[in-house]
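Chain naming follows the written order as A, B, C and D, and within any one chain the residues start at number 1.
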Amino acid sequence: MKNNTDISGDFHSNTCYSFTMNLAEKYKEVRKRSEEICKPLKTEDYVVQPISDVSPPKWHLGHTTWFFETFVLLPNLIPYSEFDPRYNFVFNSYYETVGERVLRTDRGNLSRPTVEEVYQYRAHVDAAMNLLLEKELSAALHDLVILGLNHEEQHQELLMTDIKYILGHNPLFNAYTDKVARKKTPKDEFVNEFLFIPEGIYQVGYLGDGFCFDNELGRHPYYLQAYKIARQQVTNEEYLEFINDGGYRNHRYWHAEGLDWVRNNYITAPMYWHNIGGVWHNYTLNGMKELDMDAALCHVSFYEASAFAAWKGMRLPNEFEWEAAAKQLDWGKRWDWTNSAYLPYPGYMKADGAIGEYNGKFMVNQMVLRGASEVTPPGHSRISYRNFFHPHLRWQYTGIRLAQ
Amino acid sequence: MKNNTDISGDFHSNTCYSFTMNLAEKYKEVRKRSEEICKPLKTEDYVVQPISDVSPPKWHLGHTTWFFETFVLLPNLIPYSEFDPRYNFVFNSYYETVGERVLRTDRGNLSRPTVEEVYQYRAHVDAAMNLLLEKELSAALHDLVILGLNHEEQHQELLMTDIKYILGHNPLFNAYTDKVARKKTPKDEFVNEFLFIPEGIYQVGYLGDGFCFDNELGRHPYYLQAYKIARQQVTNEEYLEFINDGGYRNHRYWHAEGLDWVRNNYITAPMYWHNIGGVWHNYTLNGMKELDMDAALCHVSFYEASAFAAWKGMRLPNEFEWEAAAKQLDWGKRWDWTNSAYLPYPGYMKADGAIGEYNGKFMVNQMVLRGASEVTPPGHSRISYRNFFHPHLRWQYTGIRLAQ
Amino acid sequence: MKNNTDISGDFHSNTCYSFTMNLAEKYKEVRKRSEEICKPLKTEDYVVQPISDVSPPKWHLGHTTWFFETFVLLPNLIPYSEFDPRYNFVFNSYYETVGERVLRTDRGNLSRPTVEEVYQYRAHVDAAMNLLLEKELSAALHDLVILGLNHEEQHQELLMTDIKYILGHNPLFNAYTDKVARKKTPKDEFVNEFLFIPEGIYQVGYLGDGFCFDNELGRHPYYLQAYKIARQQVTNEEYLEFINDGGYRNHRYWHAEGLDWVRNNYITAPMYWHNIGGVWHNYTLNGMKELDMDAALCHVSFYEASAFAAWKGMRLPNEFEWEAAAKQLDWGKRWDWTNSAYLPYPGYMKADGAIGEYNGKFMVNQMVLRGASEVTPPGHSRISYRNFFHPHLRWQYTGIRLAQ
Amino acid sequence: MKNNTDISGDFHSNTCYSFTMNLAEKYKEVRKRSEEICKPLKTEDYVVQPISDVSPPKWHLGHTTWFFETFVLLPNLIPYSEFDPRYNFVFNSYYETVGERVLRTDRGNLSRPTVEEVYQYRAHVDAAMNLLLEKELSAALHDLVILGLNHEEQHQELLMTDIKYILGHNPLFNAYTDKVARKKTPKDEFVNEFLFIPEGIYQVGYLGDGFCFDNELGRHPYYLQAYKIARQQVTNEEYLEFINDGGYRNHRYWHAEGLDWVRNNYITAPMYWHNIGGVWHNYTLNGMKELDMDAALCHVSFYEASAFAAWKGMRLPNEFEWEAAAKQLDWGKRWDWTNSAYLPYPGYMKADGAIGEYNGKFMVNQMVLRGASEVTPPGHSRISYRNFFHPHLRWQYTGIRLAQ
């Protein structure tokens, strides 16, 4: 036994909510942020669903509202007048306990309720929530509201990635905003140093008394072999070398299923990359731009991340290697694909009722991502946070961090 | 030789355009009608495409406009400033000659151009067309404008059927209009008489000097055996007997491919029929209503039409039996499925260029429908008119007329 | 009215059975021929089903036997001991009336019954049939046996085409036989003359008192415009010109569904054609051979036939044009695709019971082929014979005859 | 730190090869066993492939032979005359490095090479291998032969499961053998005790100097929380309670993807279970038999295993919990699904060349199974052995062991 460092306990308080802000204010702030994200949209942008993974923005606005109405208001606020009972059918996402739902691939077929009606729905529920939040809440109810807000924050990130997909897969390539979010990265920031982490037992999982999701609970020791992990993420320039070296065509770097995915979908570059007249561009929230070579690579699948690492003669970190080193890493621009499958922590128990469907039932066939991205809401990230997606997906802000 | 009656020549003048109206007025009237059809829509209704057969209303508005811009204005009006060259990509439907196009199943993914932009596009093209129509046109150009107007009228019917599909497959079942289009049919109208038509040679195909589509040309003699044909169409009540008699489950009445269609799609009633608490309703443009038993049956596939006829011990007429009897039939409420495959008439020749793709390339695997429906634009019907759809489709206003 | 020739009555007696041969002998001869077709096969060749359209040879042998057992022996021979009641499940092809059946795409999954057992089944049924055929048969039973023999002859042609598919889609390309069936066609035979047929009323459909299928019955007058039809079929050389001229890539020649079929299946030549080192070969029953330029083209779909005709500036004949000219045509090498959809003749009535499923239920979405091929059993062809397949299929011996 | 037990070192020598037997004898023995497994088959049984996961037995016989020819003989025996160069195309399974291969789903379409030819191929390669094995082999070559034999043993288990699938999905339900393999389990054996394993660091992975696969290498410490694990596997009777309690219909027990799998495939019982007239039967190698309630459950997917455990209020062990307890478990009848995803051990490196494709490229989207089954070849099991399949598959001999 060489090392037994507790690495998450003291850190999370920086990233979790400051609970000096009261719950009603917090509620207002989070809810407002969802609507601000949608400000630049035209009505039409709220409606479409180009692929099943993407949801229409109006659905996100309605679904997060439905969560408060169904789980908070209906059981707890008396009297409360339900806005429209048919919305349960329209805005339920995947909660089997709460009844039939619109198939995920059907969401983009629904022109009604209109965007205006969805905003009325939000106003109706917000007014009722304000009434509720004026009262003294039980601890359980308080936690449920906090869960609802974290749920809405997760959908805020999805709103951003889904809007980008909707605009970035339209032949007109409209920009989402004219505000340039990020300065061009100065070249000299990228001395991609590898940190050495010694062998030993590390404590992983959430520690603290703030909010976290149930999949982070069950803090436990994990034995790690010595390893090295990159402080920074792979850049567009580095990835372009992989492309130019024929990386997409060389089967040796790929999982068998990854190779099938590449071939069946004619994948030759990250999502949003376009080679226009020999010059690489990528679609960004500011529209189609020439590729910023020094920026962190974005929008790759786990298969691509893993193949790139193999081409480098390295590998992806597992989620505990990531967590053990997290305080020393630069992070927050792209989600890091890890080589860990999404599985329960020791002692994981599903909550009773519909809320118990939040995480556990997705614990198969998905890979864990760690960190956060530039479209993650402020205050929503933790080093114990476990994001997860299927290995072929890449419309999230996903990047690559190497380990060896 | 018993009988050789020319049945279409003198009749079509009642249904074709009166050419006392000049072309500019006609243009204005037809174009305005498309926009009037869309008046009751919310912006969101313009955008969605629930199935590949249905197109988003804004696409119809743009595509019919693109037809005038591409085929009429660009080659003939100088100077003409193209509204947006990228629209050729977005609004081309199936004309291979005119370059790449958005896949039909992708139309519902496009939030841009917005509805407002599409209306601006229409205004831009209409202004240019007005300039053009003030001039003396060559006969060919005159005919091309007439073709464009007939094309738009065809899309007006599709607009109605697609809007109905969009609203009628939304769990909220909103009405398109509060105006009740049709009075309840008086019971005694339905003495469904069978007309006897003697054996003989009949002239079929378009005769006259007005507009018709190229698939109606090539008037020619056709030898018919003696037959009987129903003056009126099958009612909801008659069809319900078929359902109640287990018609959907008895393989004897069905084509093999029809039976596969029934089984794979769990078909048990016409489209829009819902059995709510034991009472049959159907979705109409006025919303969900109790089924009007005396109304003409609507929204059945060729397979269903054919199975119903077999159950009755009768059959569907072929398209020439229909045409030979047309003047004596009630028609205009539902398209009649015929038992004729959609094939070229003797001497049929495709026009040169993109316009030649209008009809000929669809002449396989489709069945002919004759007549017109309550959502066919006024003046757009002729007894030589040949409508055609694949045998499993039923979102059009399709009904059943029996023969024996 | 210029011409009204009865063209099928006097001719069919040359091609139909001579009924001087008694039924027991005929039965023996037809049944033996099926087994002779299979003589060159290895046991393994009897078992596989590479595509759903192809059936395993042992299935053909069993299914034709099942027809006699189910429709002839079980209702008519007392006592008759059924070979194995489970075979009804295995060898029923598509008769819904007779109970559940093995899905067509599952036939190639069945290793049992073994080939040996299928031959035992044939022997068992043949022995019983011999007993039955010694007796005096009612006219209906006599006709049923004749139908069974014609049914088996149809399967003999399918046996040949399916065996060719099985061997010709195996990377080893084994020959079916070393016997060379056909001499190389002498070049000078191919003066492809066009016959002129005058306008008029022609009688079409079967006339006579021999056997024919129900889809040929209902002899009736049909009015034809004057036309020209090629005496001979298109050769490989002529079709190669179409390929070399980019015919597969030029959308103008194709039906829209044909073009989709070409693109989705990467079709660039007829089935069995392989360009090996720049030299065109095709797989034949004698193995892979250099293409015989003068031979009649074989193994094209309706879409290809139709596109070739369009490229030539001509068209395919319809089935009545074919029938009216049949006595003057060379025919018997390839089935001619016609531009007629497979539809019932006037007065067509399905027989009662399972036999009624023979033809009628396939009368949608298929095209008529006329003539016969070199693998059609001797005596099985008639000029009123109506073969039919879906327009994309080409594993039959299908060719092209032009009309204009 | 409470406990740090090395559990695999001293045990594997019981299950690995005894290397007192020389390599030539070993080769002969393993090769012979494959052919003995196929003795009860009819020629037809060797050919079919009812689903893509199952391979035709003749393919297994050819592919294992191809492995020796391609990797051992061609590079190492001079002179060696290749049996047929086209076999590389036919019998390559998934080695991208070695060139094009027959698509997995096409294997069942190949009637040639015949079974007899495959046996000739085996004899040809065996004769050459005998020559080679008489010589002094380098250590690398010796290891390659051992790998080839282990590869063939893996295919022996697949041969058994594929043969069972082929016969057990044929409507005739023929038995594979009349020899009853297993006595009925005595009831009192099943006191399903739970073992308590204390918290601590355990060494996992292969230890020893015998053969193991590369995915077992990299023995390393793993920290386990205290847990309980069942000594025995779940019985048919226990699983039937789950069925009778509506387990397949209650979404709470299922992963979301598991529930989709159940619904889309109408799953209501383990594979091979049939409810015949109210009595549960299952297809076994002895044919269809009444269900043995006391026997260990077999042929369930990971989804079913996981749902059953959830219904019990327990869970599946992870692969290291299994390995740490292995010496105290009864095992060898069914593979145990674990709740571990198939991922590389620390320091895992792919071998160079085609052999490097053996394991690594499958390390995504699959779950680990531990133990062995009654159709695992003798001597092929190790407690460090890592089997892996996709979570929906169940044609292997898979069962359930509970943990808590």
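We take it that a contact is a pair of C-beta atoms (placed from the backbone, for glycine too) under 8 Å apart; a residue touches a chain by one contact, two chains touch by 3 or more.
Everything numeric in this text was worked out from a predicted model, so none of it was measured.
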Path length in steps (a step moves to a chain that is touched) from chain B to chain D: 2
Centroid distance [mean C-alpha coordinates] between chain C and chain A, Å: 59
Intercentroid distance (Cα basis), chain B paired with chain A, Å: 46
Rounded Å distance between chain B and chain C, as computed from the means of their C-alpha atoms: 37
Residues of chain C touching at least two other chains: none
Pairs of chains satisfying the touch condition: A-B, A-D, B-C, C-D
Of all residues in chain D, those that touch chain C in their complex: 42-50, 58, 86, 89-90, 102, 106, 108-115, 166-167, 169-172, 174
Of all residues in chain D, those that touch chain A in their complex: 1, 94, 96-97, 201, 220-223, 225, 251-252, 254-259, 302-303, 306, 315, 318, 339-341, 343-344, 346-347, 356, 361-365, 367, 391
